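Going by the order they are written in, the chains are A, B, C, D and E; count residues from 1 in each one.
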Amino acid sequence: MSMTPQVRQILANYESDNPGSKANLARILLQGRLGGSGKLVILPVDQGFEHGPVRSFAPNPPAYDPHYHFQRAIDAGLSAYAAPLGPLEAGAATFAGQIPLILKVNSANTLTATKDQAVTGSVRDALRLGCAAIGFTIYPGSDQAYAMMEEIRAMAAEAKAHGLAVVIWSYPRGGSLSKEGETAIDITAYAAHMACLLGAHVVKVKLPSAHIEQPEARQVYEKQKIAVDTMTQRVAHVVQSCFNGRRIVVFSGGESKDLEGIYKECAGIRDGGGNGSIIGRNTFQRPRAEALAMLDMIVSIYQGKAYNTDANKKLQAVPGHAA
Amino acid sequence: MSMTPQVRQILANYESDNPGSKANLARILLQGRLGGSGKLVILPVDQGFEHGPVRSFAPNPPAYDPHYHFQRAIDAGLSAYAAPLGPLEAGAATFAGQIPLILKVNSANTLTATKDQAVTGSVRDALRLGCAAIGFTIYPGSDQAYAMMEEIRAMAAEAKAHGLAVVIWSYPRGGSLSKEGETAIDITAYAAHMACLLGAHVVKVKLPSAHIEQPEARQVYEKQKIAVDTMTQRVAHVVQSCFNGRRIVVFSGGESKDLEGIYKECAGIRDGGGNGSIIGRNTFQRPRAEALAMLDMIVSIYQGKAYNTDANKKLQAVPGHAA
Amino acid sequence: MSMTPQVRQILANYESDNPGSKANLARILLQGRLGGSGKLVILPVDQGFEHGPVRSFAPNPPAYDPHYHFQRAIDAGLSAYAAPLGPLEAGAATFAGQIPLILKVNSANTLTATKDQAVTGSVRDALRLGCAAIGFTIYPGSDQAYAMMEEIRAMAAEAKAHGLAVVIWSYPRGGSLSKEGETAIDITAYAAHMACLLGAHVVKVKLPSAHIEQPEARQVYEKQKIAVDTMTQRVAHVVQSCFNGRRIVVFSGGESKDLEGIYKECAGIRDGGGNGSIIGRNTFQRPRAEALAMLDMIVSIYQGKAYNTDANKKLQAVPGHAA
Amino acid sequence: MSMTPQVRQILANYESDNPGSKANLARILLQGRLGGSGKLVILPVDQGFEHGPVRSFAPNPPAYDPHYHFQRAIDAGLSAYAAPLGPLEAGAATFAGQIPLILKVNSANTLTATKDQAVTGSVRDALRLGCAAIGFTIYPGSDQAYAMMEEIRAMAAEAKAHGLAVVIWSYPRGGSLSKEGETAIDITAYAAHMACLLGAHVVKVKLPSAHIEQPEARQVYEKQKIAVDTMTQRVAHVVQSCFNGRRIVVFSGGESKDLEGIYKECAGIRDGGGNGSIIGRNTFQRPRAEALAMLDMIVSIYQGKAYNTDANKKLQAVPGHAA
Amino acid sequence: MSMTPQVRQILANYESDNPGSKANLARILLQGRLGGSGKLVILPVDQGFEHGPVRSFAPNPPAYDPHYHFQRAIDAGLSAYAAPLGPLEAGAATFAGQIPLILKVNSANTLTATKDQAVTGSVRDALRLGCAAIGFTIYPGSDQAYAMMEEIRAMAAEAKAHGLAVVIWSYPRGGSLSKEGETAIDITAYAAHMACLLGAHVVKVKLPSAHIEQPEARQVYEKQKIAVDTMTQRVAHVVQSCFNGRRIVVFSGGESKDLEGIYKECAGIRDGGGNGSIIGRNTFQRPRAEALAMLDMIVSIYQGKAYNTDANKKLQAVPGHAA
């Protein structure tokens, strides 16, 4: 894939980074069917850690095999594949050089109630496995938030010195946050901003709701007449919070829902100026053919070939696709 | 023992490992009476730490002597012997080169209530004692689970860089887990999966019961019609959770029970595709001759010479053995 | 570029390497117009160090600019670009992610008479610049040969641990070697073999002549009836000396000559089973259009589209090309 | 292979070593057809470095492939395989756990006249490749002798701390030594003794001639009436010089000669109490079947089944073998 | 052995040393038959390195076995045993705790003409072998003298930091020194003084002759009327040069001579205030019984029980000893 103006423009924003980190960002941005467009779709498979194998893989048993996910990410023409140490060790040699890898270097599980994650990988692991980036989750709001920030500070510095890219999953939870507040627009924008402040090259947040959690924030939204009614508006607001678009931000959808819902969200991300989706369970829990068809549609949306807004400002699925 | 297709196939799954770690896995898999079969029986003697010497060794006083266990593992043709630092220091020179050793590098004791273990050995210790692997216990669910995972992350990276193999004992406990839940099938599969995610070469879990602990998991088992009624089914489910069989998984039986029960369990492990047993107290608390006879039967079971399923789908002990 | 059977087969030979080094080899082998074919053409620009700028760049002044070489390597669809620290620092950000880079970590210059090179780059430099490999020159035969081997031993170990590939330029000179002996077939095969013994992933030697330098070697060539009359035979002999083809070997042409001569040499490399060319001065001292045309023909030759042997065992340039 | 009294007795001499080094010595001593006998035959393949590929491998072209040597050492039931870094990297994964490996960590080549070797491997390399030992050459008498001794001092200390065994090739040359003196009995005994003084676990020297190089030594041989007329006497003298047999000593034959000569030498090594042979070129330059037949006879000699001394004190080949 | 005033007084001179180094000096001074007297006899066995095994051990073949020397030093009631790495490794476990060991950390051999020694042991080796001290040779006058001094500087600092004692063998040779000058009284005093200046705890020099090598020194001896005619005077002069007796100094005899000569020299050392003898070849080249008898007499001399000066200022052997 050759360089494009879109990717060149994105890379120019990472002006303090060494060429190694830029090259790894470029590899992700030039990979797959969205390569060169400035959009990206990342496949993360860390649900085995988060929810255990049966909840993650039993709906589609081939997904028990780590090779399945590498192959699916390649076949669907995705931009990168993110996973913890074990699954990358189990396939990184077989698929060497075929798709950029992101080593998820911390992980949580539902058996542990603490709002924290264990560091389960290292920059050295990422290098020996040929990864383009490390991925790290912070829980802004939790009692462990500062400790987690300090962990990623150290790991990000090491990763950047070795020419890797840094992806931060920023998931607010804990403290005085309500359950609804975890995906509130003010909190999501805040979480994305903190990831940028910590030096992330790529930010990953959940798609925000229109709920506003903090009274002080609400006042500002109202006073400044900031519209957050539509997904497109909310995404644009998050993008603005990421250094006015100087940092790549991708979104996850959260709880599984119907295809139509997912497609509309992707269109919202696209139209709000978001860089793409990180989408795991919603694909690998479907049979392979169904998952590939879904990913094909998502790629089409990011390519601007589907779910465009019509003259009536309504989203229109492409002809021939059930929408 | 020369290489066999079974062992070659297992080793091929460790595609990111250096030849040193592969050679040490090969040594274990080619050792003893099950050498080359892809099955293995490991003797662990860490009960002295866990329960103190009198509960561990008084039923069979020769077992107070560390040499006793080395010799028994060799005489019974087992695959490896696992113990903490002290006992290995007490016999590793005498038995140098005779059986692969696994240095158990963390240990708990009943005088301490914390659901944690102390790190009591190092990779350097394993190397100077001529060990093939390090062994480490994690307690998924406990308050210390993340700290334990971070300890083994660092030690596993060092072990792999020095060509050793890594065995993780994954024993769920603590948090909101019920006592019954510690060996529930959903929890055991989850625990085995997490050991794989952490990069274990060999996973060790307890034989699971048919109990399902987590409501969210129960829904999946029911919806997907996953049968976990028989031991064979449950073992197969755990094997699947170990990267679809790409990682070696061995099982312990837990509380001592009658011989017939133990033999049937081994047949279940074998028929479910498990790689073998790790069996300590049940052997060393019996007189030597009795223990050797028991291990002989277990080896026979894994060799497929005993406790096979007959036409009526019932297990049959081999003629000449009391079953 | 997706994986191909040819590349998969080559990567399988690097059985002790971690996935990081494999991925970087794969990146080179999947890059450009020869991507996936198992053949490669590398552009090296270190003549500025070797002969000074005026001798190197004055014949084609745009070549004074480091960006010129990055762009030319990309435009010509080459496999990788190799240069010392300075030029890579001058362009690695602009061209990040567009072509695999090889940091040449030692360099000689004509002002210094010692048959040695200065170490002018590091593995850390390679990582921060986003390189796929380090390149290192040894001078077998020189008084400094052992010291140079000890340097690359240490740097190669560090590079491999960090997931980089290692390219060794093996150029015999010094000691009792005659000038003619430096490119003798026996010496070239020996030099290529030593690079392999030192652990190179990719070996670079000069195209050998039919001269045999060592009397002891001559006896063997004669006794064993080893034909080294044609370039194809000599290349095949060098390939055999590279662990019977288990290591990638590329050739340089040396002194500039006419196009026809260069093309025939490439056909010889191809037909002898060599992996490709490393070609610098012969291209960058020509005007850009001419150089691109030449590289286009070379790529065509490695693709098997030109300079094939006809029924009369004579090389035939493709129709439409002046040969 | 289970422990034997012979091996136990040898291991007892390494009383200051940790169990790791003992276990690796045990692995070598228990390997292959001579396993347990206290005798050993090691296959070294470093002639590619020493003399170049064509002189080494052209007489038997399959030997160009590093896998060939691993396989031959295994098939012939030898005790260990020794080679430089590159060839071990090229096969250590495929043959993991099948035969003890010795990483030759320094190497010379005939293009360089200096009586020195380059350090071309490390203890870390040996560990990641799963080796049982490192091998190192010293040239007592050369200007570089002290520097070489200092290199092996450091590497041996590191190797022993990590549980590896240490093999020293002790080849006198340089200084005031005559060519004949390099294999003189006094010089060979001295060289073997120095390897022991340096802490070698296994000493490798060339089979000594009856020549005595040093006048001061000659006086002692004469005064003490030390007979060094037969190979058996000379080997016994070297064994005595290796701490009176407390260190393992193996012999190479040097320039290729006829089979009968090689067999008689092996009988001499055996009858003089030497521990065995290290035999490379003499085997791998023969076709595989011939080489295996030769190694079969050598093993038989060390097993005491062939070339025993008859009543007339003459060596007798076994019936059915051409002697 | 309990502390004595003599030893207490000696230790008080090492006022800057840590208690570890003092304890190790005390162990040597309290060991054996001279324990507590302030006198000591050390057995060094490094002649195998210096002259090869046959010249060293053939006159008394049991001496080929390293255990022989440990046992003899213990049986003769000596103060310490000094040897290179290999022999200490071969016996340090068997004789652990029975006699203080001195690891000779550099060594020369007669095959190498350079007036230098190779560093063949380390402080870490000395610690793991349970040694009380390291021993190091310097050659004042040689081209390598400064390099050797720098080596012992570093090793002595490390040894002292780890609580070991440091013994320096100071043997002038090379440069403009005549053969006779190597043992001249002015040169010997100078050599001993330099060892003290370098921080040695114990100095070892050869017994000086009455020759004065340096004209400038001769003028002073004459002007100041310093008598160096008798051995007692010369020893007293050397002792004075060792910080006026604040450092322990022991003497070797050099070329073997008759018993009477050796005994008289020891009496001279004793009467001149020297601390004792370091005596190797003169004992181990004799049959064991003879050697033990000789050592018995030497001990008696240092105990003041033999070879005392009578009323006529003549040495008198004790009754019952042949003198």
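Here, a residue touches a chain if its C-beta (ideal position, glycine included) is under 8 Å from a C-beta of that chain, and two chains touch if they have at least 3 such contacts.
Just so we're clear, the structure is a prediction, and the values are computed from it rather than from any experiment.
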*Give the chain pair, either B-C or A-B, that is connected by more C-beta contacts.*
A-B
_Over half of the residue-numbered contact pairs in common: that is the test. Which of A-C, C-D or B-D passes it against D-E?_
C-D
_Cα-centroid distance, chain A relative to chain B, in whole angstrom_ = 37
*Distance between the centres, which are taken as Cα means, of chain D and chain A, whole angstrom*: 59
*Distance from the CA centroid of chain B to that of chain C, rounded to the nearest Å?*
50
*Tell me, which residues of chain D touch at least two other chains?*
92-93, 124, 128-129
*asked:* Output every touching chain pair, sorted by label.
replied: A-B, A-C, B-C, B-D, C-D, D-E
*Sites on chain D touched by chain E in the complex*: 13-17, 140-143, 145-147, 149-150, 153-154, 157, 172, 175-177, 186-187, 189-190, 193-194, 196-200, 214, 216-217, 220-221, 224, 226, 237, 240-241, 243-244, 246-247
*Once bound in the complex, which stretches of chain C touch chain B?*
15-16, 18-19, 161
*Please give the residue numbers of chain C that touch chain A in the complex, ascending.*
2-3, 11, 18-27, 29-30, 74, 88, 92-93, 95-98, 124, 127-131, 161-163
*Under the touch definition given earlier, write down the residues of chain D that touch chain C in their complex.*
48-49, 51-55, 58-59, 61, 64-66, 84-94, 107, 109-114, 116-122, 124-125, 128-129
